[in-house]
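Down below are the structures I want you to see.
Both complexes shown next keep chain A, but they swap its partner, so chain B is in the first and chain C is in the second.
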Partner chain A sequence: MAATVAALLRKELLVELRTLESVPGMSLFAVTTFVVFHFALNQNSVSGDEAAGILWVTLLFAAMLAINRLFVADQDQGGFDAFLLAPVDRSAMLLAKALALLAYLAVLELVAVPAFGLLLLGPPLGQALPDLLVVLVLADVGIAAIGTLVAALAVQTRARDLLGPLLALPLLVPIVIGGARASSPLLSAGHASGVGGPQIRWLLLLGLYDLVFGLIAYAVFDFLLED
Partner chain B sequence: MTGPGGGPFGRGLRTLSIATVAAMAIALALVFFYAPIEVEEGFLQKIFYLHVPLAIVTLCGFVIGGLMAIAHLRTRDRHWDLRSYVAIHMSLIFGVATLITGSIWARGSWGHWWVWSEPTLVSFLIIMLLYATYQPLRFAIEDPERQARYASVFAIVAGAFVPMNFLAVRLSTAYLHPRVLGSSSNLPAKMQFTFFVSLSAITLLFATLCSYELTAKRTRMLLKARSRTLGFQ
Partner chain C sequence: MADLEEPVLQLDGLARHYGEREALSGVSLSLATGQTLVVFGPNGAGKTTLLRVLATLLRPHAGDVRVLGSRLPDEAWAVRGRIGLLGHEPLLYRELSARENLRFHARLHGVSEERVEELLGAVKMRERAGEPLRTLSRGMVQRVAIARAVLHDPELLLLDEPRANLDPAASELVEPLIGASSRRTRVISSHDPGGGLHEADLVLGLRDGRPALRRKAGDVDSAEIAELYR
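Let's look at the complex of A and B:
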């Protein structure tokens, strides 16, 4: 199983490296969205709840771009059939795709978070980073699990670009809640480092979400791959 | 009229319908003549006897739809998928009714048609937005077997999402919405009784409407199969 996941993941990342179709688009989208927010809100710098909101909405919509594209190549070029013919556990594809999505999100955040710190964020980003990293990792796991599941669901339908975000966004609301509430004190002026009281609740929520939906995605994914 | 499994269609429909009509009549009578008028909100509070049962039945309907979807995936019996579809479809309709009655109540008691500052309405809206994609998803897939399978997967994920979403939204907002069930012990006995009768009536209504829809769909499927066998469409 691990070997299968590794092989599939390697293929995903290689294809992405060669075609560069998801990650640069996501990163550019994120930076452009920050600029749009500047004009839309008519603010030079934001902090606290506003900052958390802008960051999470942008990350979420950039993630949608990757989710839309996740299974398209497999669907159009027979990748599903090839995979089904191989004598491997089908959940390996879920794991591999989810890990790939996680990798794309990590690169996205490597670009988007410093860009946010430069362009829109009022308070300095440096102090907040370690805690922010924890929140981002927890949220990314949830986005990866649900994103992969929704991508697999949507790719077989006629209106795949439309249905993907439509399905994913309500499902990801708890991630937005957890992520934004957890990051809001981190992005405020006068932030004291160290994970404090109110934050733990949001981290627990994110963790619970990741656990529940990770398990459900794992349980249910096989049924999507039959033909 | 018998179905492919040998069981009759529409069995028990008449009994269910009569029971529903009776229950709703009794519930309405209780609401208007028996239940006392609430001190703070006055007559408007009586919409609670409609709104809350609708909400409860909607959410249970969604979760039950998910459970039926699990049965479908395990047994591969398409009838479970049909039941799951009807349960979710009916819950969507009841959910719209919940949102409307909730807005009316909100407007009456708090002065706004919509308030963000209370978790129950917000969670409910998110869930409705999610399930609103169920039918577009279903009908965007041509192959019927795949359609049933994918719809079941969605129903399971969304069914698991219902409690998770309530937890998340409740954590994130301060309460304004009256906490009915937790505080039902605070309701005076007359109100409690009326509430439970209303709840039973709405549940019966849900079950009856679902039965009607299931019967209609099965009959139509049977008719199509028969006419195909006989050689005309």
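Let's look at the complex of A and C:
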């Protein structure tokens, strides 16, 4: 299983490196959105709930770009058939795609979070960064699990570009809420380092959501690939 | 391995539909190890559907279907990895090179990289093996697809018009891999009565998804094949 996941992940990243279809678009979208928010809000800086909301909504919509494209090459170029003909565990594809999406999100956040700190965020980002990283990782795992599941379902329909966001956004809303609530105190002026009680509650919620959707994705993914 | 006494293919009343439309109906036949079945029929007759059912990519909706001794669809897992499919699509990623594509498939099938190089040599693609597939001609892509289909040394080859896009020299080149001299059990879909009959042990003619002809190749003449297309 590990060798199959490694082979699939390697192929996935190689195709992305060659086509640059997902990550550059996601990053550009996020930075552009921050610029638009900067002018639309008519504020030089934001903090607290407002900052957390802007950050998470932007990351969510940027993630949708990658989710929509996650299985397109496999569907259009016969990758599904080739995979189904191989004597391998089908869950390997779920894991490899989720890991690939996780990698895209990590690169997106490497660009988007510092850009957010520069363009919009009032309080300095440096102090909040270690705790924010925990929130980002927990949220990314959930986005990757749900995104992979929804993308595998949507890509088999004619209206995949419409169906993907329609299915994914409602399922991802709890992650946006959890991420925003957990990171709001971190993005407030006078934030002290360390994760406090209310934040831990949101982090636990994110962790639980990751677990539930990870298990659901594992349970139903095989059926999505079946005829 | 399939029992030598047991047919590689044993179909009894195979049917498959897409929604209301019947794509295959009442297909029954038996194919022994090392034999070649050639399927003729006009476009839309059900040839590709038959190959995809046998490849375990589509479920049969009725009938008893046994491939390499396993009943489909319940035992499809036991057949995967023992079938080589060459369809209309090459099942290769356009942005990856021939070598990267074949190495990817080799990893999925647990095949060594030496085998990849051996096959690149066999289809004379070593020189251009590092170029993205999208830059290659159709014939070259078809040669790589043939290498992909036989990479794991399958017991059963399912070939959908395998020589499409190949010039005569390339066609000769792939003969040891997918031709009669490969000594593999093969199911070939073809529109070429002369070439197809030459390769066949058993002939199946399909019209509107139903068998219109099913006989030993020696008992069929090309006029009967031509009749299928009228």
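In this section, the second predicted complex is superposed on the first by the 227 of 227 C-alpha atoms of A that agree within 3 Å, B and C clash if a C-alpha of one lies under 4 Å from a C-alpha of the other, contacts with A are read in each partner's own complex, and residues count from 1 in each chain.
As a working rule, contacts are C-beta pairs under 8 Å (C-beta built on N, C-alpha and C of every residue); 3 or more make two chains touch, one makes a residue touch a chain.
What you are looking at is a predicted structure, and each value in this text was computed from that prediction instead of being measured.
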Clash-or-fit label for the pair chain B, chain C on chain A: fit
Chain B versus chain C as contact partner of A:R181, first or second or both or neither: first
First, second, both or neither for A:F39, with chain B first and chain C second: neither
Which of chain B and chain C A:Q77 touches, first, second, both or neither: second
Residues of chain A touched, compared between chain B and chain C (which is higher): B
Partner chain(s) touched by A:F213 [first = chain B, second = chain C, both, neither]: first
First (chain B), second (chain C), both or neither touched by A:P87: second
After fitting on chain A: smallest Cα gap, chain B-chain C, Å: 5
Set of chain A residues, in rising order, touched by both chain B and chain C: 226-227
Chain A residues touching chain C - in the complex, by the definition given at the top: 3-4, 6-7, 10-11, 14-15, 18-19, 73, 77-79, 81-88, 226-227
Contacting residues of chain A [partner chain B, same complex]: 149, 153-154, 156-159, 163, 166-167, 169-171, 173-174, 177-178, 181, 201-202, 205, 208-209, 212-213, 216-217, 220, 223-224, 226-227
In the complex with chain A, residue positions of chain C that touch it: 55-59, 77, 80-83, 85, 87, 89-96, 100, 104-105, 107-110, 132, 148
Of chain B, residues touching chain A in the complex: 73, 126-127, 129-130, 133, 136-137, 140-142, 146, 149-150, 152-154, 156-158, 160-161, 164-165, 167-169, 171-172
